[in-house]
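Letters are used for the chains, namely A, B and C, taken in the order the chains are written, and counting of residues starts over at 1 for each.
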Amino acid sequence: MKTSFWLAGAMALALASPAVAGDTIKIGFVSTFSGPTAVIGNDMRNSFELALDHLGRKMAGKPVEVIYEDDQQKPDIGKQKTEKLVQSDHVDFIAGYIWSNVLLASLKTAVDSQTFLISANAGPSQLAGELCSPYVFSTSWQNDQTPAAMGLYMNQKGVKSVFLIGPNYAAGKDMLAGVKSTFKGKVMGEEYTVWPSQLDFSAELSKAKASGAESIFVFYPGAAGVQFLNQYAQAGLKAQMPLYTAFTVDELSLPLQKDNAIGVPGAQEWVNDLPNEQNKAFVADYHKKYAGLRPTYYGAQAYDAAQLINSAVVAVKGDTSKKDAMKAEMQKADFKSLRGPFKYGNNHIPIQNFYLQDVVKGADGVLSLKTVATIVKDSQDTFHDKCPMK
Amino acid sequence: MNFSLNARNIVVALVAAFLLLLPLYSQLSGNVFALTLFTRIVIFALAAVSLNLIMGYGGMMSFGHAAYLGIGGYAVGILAFEGIGSGFIQWPVALLASALFALVIGALSLRTRGVYFIMITLAFAQMAYYVASGLARYGGDDGLTIYKRSDFAGLINLSSKVQFYYLCLACLFGGIYLVWRIVNSRFGLVVQGLRSNEARMQAIGFPATRYRLVCFVIAGTICGLAGALLATNTDFVSPAVMYWTRSGDLMVMVILGGMGSLFGPVIGAIVYLVLEEFLSQLTEYWAMIMGPLLLLVVLFGRGGIMGLLGRPRRG
Amino acid sequence: MLLVVEQFLNGLQFGLLLFLLAAGLTLVFGIMDLVNLAHGSLYMMGAYFAATFVAWTGSFVLGIVLALGATLLLGIVLEFVALRHLYGRDHLDHVLATFGLILFFNDAVRLIWGPAGLALPLPAWLTVPVQIIPGVFYPAYRLAIIVVALAVALGLYLVVMRTRLGMLIRAGASNREMIGALGINIKLLYTLVFGLGAALAGLAGMMQAPILTVQIGMGENILILAFVIIVIGGIGSIRGAFLAAIFVGMIDTLGRAFLPDLLRKVLSSAAASTAAPAISSMLIYLLMAIVLVVRPEGLFPASKR
């Protein structure tokens, strides 16, 4: 009998839902907080928190509550957490999503419940195309945009041939497709590695060398980027086959890649030395609040997500039931983005500049990323015609 | 079947009543999440009931039962992806595919015993997992989203949470009834006899493997149904549902509830999943409690929770 | 040419790592008849201990040695406190109990070391490429893994075949009741064997750490391969585990390296890359299934049961 009371008690507690409060703005944040890519999730969380600090932790006068959930880098877990946020916590907005496959798995839950989803990183091509939704906005990019910019840069440099390597999941496929869409030279080979478990790239590096290509392009976010770069350098390829990257070298991976990253260019829509006012304040305050850490584009995008949400909430004076008005406001992208002003395409993906970033060693021996040039201005993704929204 | 007012029956009746009335509670309190949670629990309970048939009654320790969750789920998912949205086609295909898979691997696996049986069922489930991961067209490891739930031509609307919940519950009660009938039939007695003394049964003249195989196929089919329900519930299916640790979860539910008891797997599923949900709200480190708890159940709580509630009427 | 040699060596290296893991598992299963799902957790603990001690002492070798000792100790404590109560019980009880241990260890690690995982950087002298045949370079560290694992395998062989302890182990694997009847201190033997198995698992974990990963749950994926290996090789047989492990390591590595190219003749690049690792994994399980159906005791059975 004791067992049944205990059972009943547990069930009752599990079913008890928190009182639905209309007087706070509830935001759910789905990202990765465990495993080797937790550093990315932490950067996003840090920046989101910083943005809320800058906003006085209020939007339109109402206090903001954020619920962070860990997707463990798995699509099925991310989907489960999204469901919980929408159905149990009744959040007004969901933000975050590092990984394209996690986002795609969670999309239906958010859209069906008409909950606004702000992707602060993932940008699968389907999202910009046939799966676009009035409720989904991006403060990052569409996956193909960044590597496409790198392809343009490679053309500018006169690169004749390339070997492509990337992880085998939604984003990896987008990235390699993106390079192919603009690069005018010859693609000597294309290899997809098992994601996220494969961290040994010796086979791919050997194949790249054997292909006779002049250069290598890679996309390896997080820990994989560290491993790849180090193995690339250890294989002695630095002198023979220059490396072009997207999302592989950032402030998080740089301390581990060390000198191997010098001279490896990347394309990005945000680099930490962009000269606008809000970015300078962001970077400076981030240093102050989180000693010893530097923000990355993941964080900058999360910061922008908070600002985007704020612009919508302020426009409806805190009445989050006015979804159409919030949507209209967000479509204007009328907030001070850290990358400078940008506009939204019909598919709610930013139309923005892409910059060339390079790794330089400062006088103090510290490595950092520097904006070297603007590769392309006001670039729009190539999937927007597939999106039925106007 | 006479009902006496002992602890076991009271608990079973309470649980059944609770499950029946849950949607009412959910409507009244506005707690939609409870309904979603318990739909999932009911589906896993069905899977656990099917595993109990072969493990608890049949003595066949299958470590690959989660494969059927995936097969049923992918049958629905793949057909939906390819444009075949009718439930009248999808669900029979799910059941048929599960039955066929069970037939094939059962025929091969049942030639082995004990730990070897455990390992070979595990091997086949992992193979199913890898087949699903290898299908780029259906998402591979990224999984497959089901955009439209199965269409039953107006008979039932699967998009309604309440209707879907009652469908799952009906399947669960149906599954339990089916297991009850099997276990109490001549066929079921043979299978249980095989579990306790195979040599004797074979000496009497029963073809052991054939009986076990039929049992195995029935269990696989029921679990395939659970798989179709699960995929519908989450509008999503991915290879992860077939990974060996999920089979482990199912085994834990059966053992926790009490093997060889009709309602044991239901109790086991409820306790395991509610604890997981409840403990994870209390503390981030819920597995540190759950882990040793399982260890203690093994060491001291033979017969699982139902065993704790009192000895069953028949073994 | 470079690719083939390199992948062959990678396969050998992976196979040897798997052997270290499987050896402990097969000993424990063969002698104590204990199905230990938490063996993967010991593998994980070895990696975590190594990362911690190396960072703490600043020396790679010293850190590894300390971590080995720590894992051995952990194994002994685990056997003493929890696992010895499971001897003689149903295998299913083992499964449930050790499954619980997996959950416990994963969360304990998260509590102590945090959720992000650790890094174990290599000392400079191990990162240089070594020229093994003219024109073919192979990373020094991976060679070190091969050398160390072979040395351990040799050591294990000598212990099992040439020492009294080894004789007891072999006797225990083939007939458990008999050695008890002969008056050997069974409890001590079991504890030692378990400790040895734990140390081997921990060694595998710490050796792969610099090139692969140190994170929560890393044991689950590789544990299943270890079980496959001991089934193919024969439960209780170290020789069987060795051969099966090399075989499995080769299939996995060579499959991943060369299958995509083969498949690319019929499929698109992305589809080939998705299908290839799945097929090579499937081959391993298929092999196990065939062995189980045709020769269930394994290729080199330890006992005539």
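The working rule: a contact is a pair of C-beta atoms (placed from the backbone, for glycine too) under 8 Å apart; a residue touches a chain by one contact, two chains touch by 3 or more.
Keep in mind the model is a prediction, meaning the values are calculated, not measured.
**Student:** Give me the step distance from chain A to chain C, shortest route via touching chains only.
**Tutor:** Counted as steps through touching chains, the separation is 1.
**Student:** Going by C-alpha centroids, which chain is farthest from chain B? Tell me that one.
**Tutor:** A
**Student:** Express in whole angstrom the distance between the two chain centres, defined as the mean CA positions of chain A and chain B.
**Tutor:** One centre to the other, that is 38 Å.
**Student:** Centroid from C-alpha atoms only, then distance chain B to chain C, rounded to Å. What do you get?
**Tutor:** Centre-to-centre distance between chain B and chain C: 32 Å.
**Student:** Can you list the residues of chain B that touch 2 or more other chains?
**Tutor:** Those would be 140.
**Student:** Can you list the chain C residues in contact with two or more other chains?
**Tutor:** 110, 270, 274, 277, in rising order.
**Student:** What residues in chain A touch two or more of the other chains?
**Tutor:** As it turns out, chain A has residues touching two or more other chains at 168.
**Student:** Of all residues in chain A, which touch chain C in the complex?
**Tutor:** 33-36, 38-39, 42, 70, 168, 173, 190-194, 197-200, 202-203, 206-207, 209-210, 223, 227, 234-236, 256
**Student:** So in the complex, the part of chain C that touches chain A is made up of which residues?
**Tutor:** Touching chain A from chain C are residues 2-3, 6-7, 10, 110, 115-117, 119, 127-129, 137, 139, 211-213, 215-216, 221, 256-257, 260, 269-270, 273-274, 277.
**Student:** Within their complex, state which residues of chain A touch chain B.
**Tutor:** Residues 1, 3-4, 7-8, 10-11, 13-17, 20, 74-76, 79-80, 83-84, 87-88, 101, 104-105, 107-109, 168-170, 195.
**Student:** Hey, which residues of chain C end up touching chain B in the complex?
**Tutor:** Within the complex, chain C contacts chain B at residues 35, 37, 82, 85-86, 89, 91-93, 95-97, 99-108, 110-111, 220, 224, 227-228, 231, 235, 267-268, 270-271, 274-279, 281-282, 285-286, 288-289, 292-293, 296.
**Student:** Can you check the complex and tell me which residues of chain B touch chain C?
**Tutor:** The touching residues are 55, 61, 63, 108-109, 111-112, 114-116, 118-120, 122-124, 126-127, 130-131, 133-137, 140, 244-245, 248, 251-252, 255, 284-288, 290-295, 297-299.
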